[in-house]
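What follows is a pair of complexes built around chain A, which joins chain B in one and chain C in the other.
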Partner chain A sequence: MALLNWRKELPLFGAVLGLILILGVGNAAFFSLDNLADLLRNSIVIGIMALGVMVVMASGGIDVSFTAIAIFSAYATTRLLLETGGGESIVLAFVSAAFLGSILGLINALFIAWLRLPTLIVTLGTLSLFRGAMLTFLGSEYITALPNSMVAFSRWDLVTGLTSGGSTYRVPVAFLALPLTAVLVSLLLNRTYWGRGIYAIGGDRESAERAGFATAGLQTFIYCFVGALSALAGMIHVTLGRIANPFDLVGMELNVIAAVVLGGARLTGGYGSVTGTLLGVALIVMINNSLILLGVPSFWQRVVVGLLILIGAGTTVVRGRALRGVRT
Partner chain B sequence: MYQDFDQKHIPSELIRIEGVSKSFSGVQALREVSFSIAPGQVHGLVGENGSGKSTLIKILAGVLSPDRGALFFDGQPFRSVSPKRAIRKGIQVIYQDFSLFPNLSVAENIALVSEVARGAWRVDRRRVRELATRGVRLLGVELDLDALVENLPIFQWQLVAIARALVQQARLIIMDEPTTALTRIEVDSLLKVIRSLRDSDIAVLFVSHKLNEVCNVADRLSVLRNGSVVANLDSKPFDPLGVAELMTGRPPGGRTVRDRPDDRRVLLSVSNLARQGAYSDVSFDLQEGEVLGITGLLGSGQTELAMGLSGLLPAETGRIELDGKDAVIDGIQSALDLGIAYVPEDRLREGLFPKHSVLENLLAASVERSCGFLSFIDFQKFKGIATAWVERLSIKTSSLDLPVETLSGGNQQRVVLAKWLSTEPRVLVLNNPTAGVDVGSKTEIHGILQQLAEQGCGIIIVSDDLPELLENCDSIRVMSKSRLSERLTAEATGEDQLYRMLIGEVH
Partner chain C sequence: MIRLKVSDPHTRLLMAMTVAVFLAMSLLKPGVFLSWNNLRSISFQFPEFALLALAVSVTMLTGGIDLSIVSTALLAASAGAILQTQVFENPSSLAATGLAVAAIFAVGALCGGVNGALIVHLRIPPILATLGTMQLFSGLTIAVTGGTALYGFSDRFLFLGNSSILGLPVPLVIFVLLAGLTGLLLTRTGFGFKLYLLGGNPRAARFSGINSAQILLRTYILSGVLASFAGLIMAARSNSVNADYGASYLLLSILVAVLGGINPDGGFGRISGLVLAVLSLQFIASGLNMLRFSSFAKDLVWGGLLLVVLAVHQAVKNRRNRATGPLVAEDKR
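Right, the complex of A and B next:
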C-alpha cells in the first residue's frame, strides 16, 4: 500500500526536486539559511490549511470558506483574550480558536450534511457570511498589541542563528504545528475507519451509505475538523505576524486549493494524500517566494501556478486512462 | 414417546415481509408484497424489468424504507431498518450496480463493510488482507488485491462485490443479478458457493434473469409482476418456460427464425488487425445483414476487439475495409462517422449519464448527427423521436424527464441500446446486449436486431450467453488468447460443442 502511494507521488517529488535545482542554480541565495527558514515559515499556514482542504476533497466536497473561518476565529479569539484579560495562556488561546473554528465548520456541515446542498455553493456563501459578520460585528481595525502569551509564543524559536552574511534566521516553534497536523491527518485518513469512510464517501456516497457508514455524521465531522484546522492556521498567522488584521488570509483560497490539487486530490473526490499535499504545498510556496529570487516578475507566478495545475491535473487523468486502457 | 430435548430448533423463517408497498413519485414499485425466506434455503426471485425486485431488496437491506408494511427478523418485528442495522443482523447484499468504491483497493472494498459493521475504528491492515484473501478464495477466483477497483474490468467488479458479501458472517445473502458480467466458469463456481452456503444454514435470495440458472439453484421461487407477488413456488423442479409465463402473464414468444441467403455483399472486411496486449491477427468478413457472434472466456480479448472496431482501442496494425474501401478507425468519432456504433458492456460507467434525464440519454448519440453544427435543437421533434424509442423498446419509465439512474437496471440497459440504435448504424457492435434484461424483452431486443439485419445492417454480438448467440447469429467465432477462431455456422454448432471450444477442449 505504502509502495503504491510512493510510486504515485514520484513525479511530484521529481517536480519539487527539479524546481529546487532550477531555483538553486539560478540564484545561489536560494540555498542560504535565511531563505530556507523563510520557506519553512511560509509553509506553516498554507500547509495546515491545505491538509484540511485535502480531507474535504477526499470526501468529494470542496471548501472555500476556510480562509474566512481562519481569520474570523483568530481575530475573534484575539479580541476575546484582550477584553477578558485571559491572555496569559497560549494553550487556552489556541483551544478557544479551534473551538470557534469548529463551530463555524458546523454551520457549513448543517447545510452540507443535513440539507444536502452542494458544497461549493454553501462554502462560497459562508465565506462571504463569516467575513462580513466579522467585519460588521467584531470590527475592522488592526490589532497590533497582541495578548502577552501570543507575543511570547511568536518569539519562541525552534532554530535560530546568524548567517555568514550577518543576518539572523529563525524557525519558530509554531512550525512544529505543520508536521504534527500532517501526522494527525495521516493517522486519521489511513489508520481509522473514519478516515476510510471519508474516502468511501468521496468514492461513492450512495455506496458508503449502503455499507453502513453514517455519512451525514462523517461529513459533519469533516467540516468541523477543517474549521478547527483553519482556526489553528489563522492563529499561527496572527501570532507570527504580530498583528491581527481582519483583511488578511481571505483571498489565498486558490493558492491552497492549487497546492492540494497538485498534490493529487481530485475535484471529483475520493483521492488525496498527506505526502502529496505536502509536496504540492512545497511547490506553491517555492513558486510564490522564490521566483522573485530569479527575477521573475510577480504576476508570472500566477501563470506558473496555473500551468502547474493544468499539468498536474492533466497527468493524473491521462495516467488513469492509460491504466484502464482507454484512449480518446 | 422419547423426546430429544437437545434437538436444535430450526426456525422456519429467517426474515418475513408483510404487506410491503413502496412508490416513487407516482410509480407504484411494490404493492402489498408478502413473503418469507427460510434459513438454509435458496430463494429465487424473478420478474420482468421494473417489476420491483431491486426495490424489494433495498427495503430488506434498509436502504429504502417501505411506505406501508412490516418486516420481521427471527420472528421479531424489525423496525426502522438502516443499512448498518441490517448488516449487523447478518443481511448482506450484492447490489445490481455493485456499490463498490472505485477509489479504493480490491482488498479494502472486500473488507470494509464487515470491519465497519464489527465496529472497528482502527484499520488493521493484516486483517483487511486476510479477509480479502479469504473472500477471493471462497469464490475460487484470482484478483489483484492491491489494484484500485476503478481500473478493473467490469466482470471483476462483480467478483469483488460477491467476495465482499461472502466474507461477512452473514445469515442472509441477497444477490441482485450477480452473474450479469460473468461467464459460465465463474457462474459455476458461484453456484457451488451458493450450495455450500445453503449447507451451512445461510439463506440466499437470488435474483436473476437467467431463468435456467435460477430454476436450477433455487429451492423456492417467488415471481413478481408489476410490483405484486403473483406466485410462490415451493418445490422443485421449476420449469423455466412456465416461470417466464408467470412473469409476463403471457405465453413465451417463439424462437427468432432467420432465413437469409449466405452470399451477400461484404460490408466490413478486417484483416490482420492487432493491438499489443489486446487482440492479435484478427481477420474476418461481415456481410450485409449478417449477424456475427463472438464469444470467449473472460479476458480472451473479445471485449478489446469490440472496442477496437469501435475506435475505443484502435488497432495498431492491420487493415479495415468498409464497402470495399479502406477505412481508418482511430477513435470513437471516426468509427461513428463510418457508421459503426458500439453498445458497451459496462452501461453504468460507459454508456449512460446517470444523473441526466432519459430524454438526454436517449438522444446523446444522435443529436449531433441529425441536426447540423450550430443549428437549433428542435425539442418537440426530439421528444417525438425519444417517445418512439421508448415504445419500441418498451422502456418502463413514467416520464422522459426522470434521471436515468432511477430506472430499473434492465430499463437503463434498453436506454443505452436505444441511444445507439437511433444513430442508424451500418455496423452495430454489441457487448453482452441482453445481460440483465428479462426474458420477454430479450426476445423483443433480439427481434429488433433481426429486423436491423433484414435492413442490411451488419451486426456483431459479443456475448457469453451461448444460447443467445446460437439463436441469433448466422455465424459464430470463438476468441481465445487474443485470437479469433474459424467461422462456425450457428446451425451446424451445438451449445455443448461451442462450450467445449470455449474452454479449450476442442480446437
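Right, the complex of A and C next:
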C-alpha cells in the first residue's frame, strides 16, 4: 500500500524537487533563511484548507464555501471576543472559531447529506449566503485592534533569528497547525473506519450504503470537519496578519482546489492523499512566492499554475488510460 | 421567439417569483423602482452578467462546465483594447473599431476552442480543463495588460456599452438577440437536439451515432463566443479592461444558471428559465439597494434563494417518489 502510494506521488515529488532546483540554481536567495521562512508561513492557511478540501473530494464531493466559512468564523470570533472581553485565552478563541465553523459546515451537510442535493450547487449557495450574512449582520469594517491573546499568539515564534544579511526571519508557532492537521487527517483517512467510509462514498455512494456505511452521518461529519478546519485556517490568517478583514480569503477557493487537484485528488471521488495534497500545496506556494526570484514577472504565475493543472490533469488521464489498457 | 412552456413547473415557479419580486418592489418604492431611470439602469447592468450565465449554461446542458468564462471575456476584451489603442493610428475609424470587435470574438472562439480541444482530445474532465484555462487566460490577460487597466476606446466602440437604439440600451439589445439566437439554436436545430441528448444520456447519444466530440467542441466554442460578447460589453461600459474586473461573476453566473433550472448534470434546462432567473435576481438586487440594505444583502438573498428553491424541488420530488414508488421516471428537475 505504502509502496503504491509512493509510486503514484513520484512524478509530483519530482516536480516539486525540480522546481526547488530551478529556483535555487536561478537565484541563491531562494535558499536564504528568510525566504524559506516566508514559504513556510505562506503555506499554513492554504495547506490547512487544502487538507479539508481533499477530504471532501475523496468523498466524491466538492466544497467552494470553505473560504466563506473561514473568514466568517474568524471575523465573528474576533468580534465576539472583543465585545465580551473574553480575549484572554487563545485556546478559547480557536475552540469557539472551530465550533462556529462546524456549525456552518452542518448547514452544508443539511442540504447535502439529508436532502441529497449536489455538493457544488449547495456550497455555491452557502458561499454567497455566509459571506452575505457576515457582511450584512456582522459588519464590513476592518478590525485592527485584535484581542490581546491573538496578538500575543502572533508574536509567539517557533524559530527566529537574524540572517547574515541582517534581516530577521521568523516562523510562528502557528505553523505547527499544518503538520498537526496533516497527521490528524492522515490518521482519519488511513487508520479509522470513518476514513474507509469516506473513500467508499467517493467510490460509489450507493455501494457504500449497501456495504453498511451510514453515509448520511459520514457526510455530516465530513462537512462539519471541513468547516472546523477552515475556521482554524481563517483564525490563523487573521491572527498572523493582525487584521480581521471580512473581504479576505473569499476568492481564493479555486486556487486551493487547484492545489488539491495537482496533489492527485480526483473530482470524481475515491482518490486523494495527505502527502499528495501537501506536495500540491508546496508547488502552488513556491510558484506564487518564488517565481519572482528568477526574474519572472509576477503576472506569469497564473499562467504557470494553469499550465501545471492542465499538464497534471492530462497526464493523469493518459496514465489512467494506459493502466486500463494494460489490464484488459 | 423563445417559447415559454408554462407547463414546466420550474419555469412557472420562476415566473411567479419574478412577478412577485417586481410587484413587491413596485409597491414598496413606487416612485423609485418603477421609474424610467431605474429600469434603464437595470437594463444596462445585467446583460454582461446574463451573457456569462448564458455561456456557462450551454456547457452545463452537455453535463460539463466552463469555469473560464470570465477569464475568456477579459482576455478577449484586452485583445480588442490593445488592437484599438496601440495598433491603429486612427482608433476611432470604423475599420479600427470593427477589427477590434472582430478580434474580441476571434479570441473568445479561440479560448472556447482550446477548452473544447482539451476536453475532447485529451479527455480532461471539463471542470479541470476549464479550471486550468481559467488560470491560464487570466494570467495571459495580466501579462498582455501589464497588470494595469487598459483604456482609451473610441467613441464608436463605447457606443456599444453606453447608448440606446430606439430607446433600448445597446447591451440589452445585444443580450436579447443572443439569448434568442441561442434559444433557437438549442430548440430548433439538429445541433441543439444532439446537445440535449448528449447531456441527458451520453451513452445513448453515442449508440445513436452522434458525433459527440464535434458537438462538445462546438458547445465550448459557443460558450467562448458568448463570453467574449460579455467582455465586449464590460469593456465598452466602463471604457477600460482590467484583469481583476468581474472576479465575483464566475460563481454568481453558475448560481444564476442553476436557479434558472439548468441541470448541472446535463440534459435539462431552458434559456427562458435562465432569463427569468437573471431578471428576478436583478430586481431583488436593485430593490434591496433602494430599501437601503447594504450592498452585501444581495449575496445573502441570492444564496438563500438558490438553496430554498432547490430544497423545495427536492422535497416535492421525494414526496412524489414516495407516493408513486421510485420506478417513476426521474425528471431530474
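Heads up, the rule we're going with is that the second predicted complex is superposed on the first by the 325 of 328 C-alpha atoms of A that agree within 3 Å, B and C clash if a C-alpha of one lies under 4 Å from a C-alpha of the other, contacts with A are read in each partner's own complex, and residues count from 1 in each chain.
In this section, a residue touches a chain if its C-beta (ideal position, glycine included) is under 8 Å from a C-beta of that chain, and two chains touch if they have at least 3 such contacts.
All values reported here derive from a predicted model rather than from experimental measurement.
Superposition of the two structures on chain A leads chain B and chain C into a clash.
Contacts of A:211 after superposition: chain B is touched, whereas chain C is not reached.
In the superposition on chain A, contact is made by A:305 with chain C only, not with chain B. Contacts of A:122 after superposition: chain C is touched, whereas chain B is not reached.
In the superposition on chain A, contact of A:260 is made with neither chain B nor chain C. Contacts of A:133 after superposition on the shared chain: chain C is touched, whereas chain B is not.
In the superposed pair of complexes, A:71 makes contact with neither chain B nor chain C. Put chain B and chain C next to each other and count what each touches on chain A; the higher total goes to C. Once the two complexes are laid over each other on the shared chain, residue contacts for A:200 go to chain B alone; chain C is not touched. Interface residues of chain C facing chain A in the complex, by the touch rule stated above, are 67, 118, 122-125, 127-129, 131-140, 142-143, 146-147, 247-248, 251-252, 254-255, 258, 264-265, 293-294, 296-304, 306-307, 310-311, 314-315. Those residues of chain B that touch chain A in the complex are listed here as 61, 63, 82-84, 87, 93, 95, 99-105, 108, 112-113, 115-117, 120-123, 125, 146, 150-151, 278, 304, 312-314, 331-332. Put simply, chain A touches chain C in their complex at residues 64, 111, 115-118, 120-122, 124-133, 135-136, 140, 251, 254, 257-258, 261, 267-268, 297-310, 313-314, 317-318, 321. Chain A meets chain B in the complex at residues 1, 4, 190-197, 199-200, 202-204, 206-214, 269-271, 320, 323-328.
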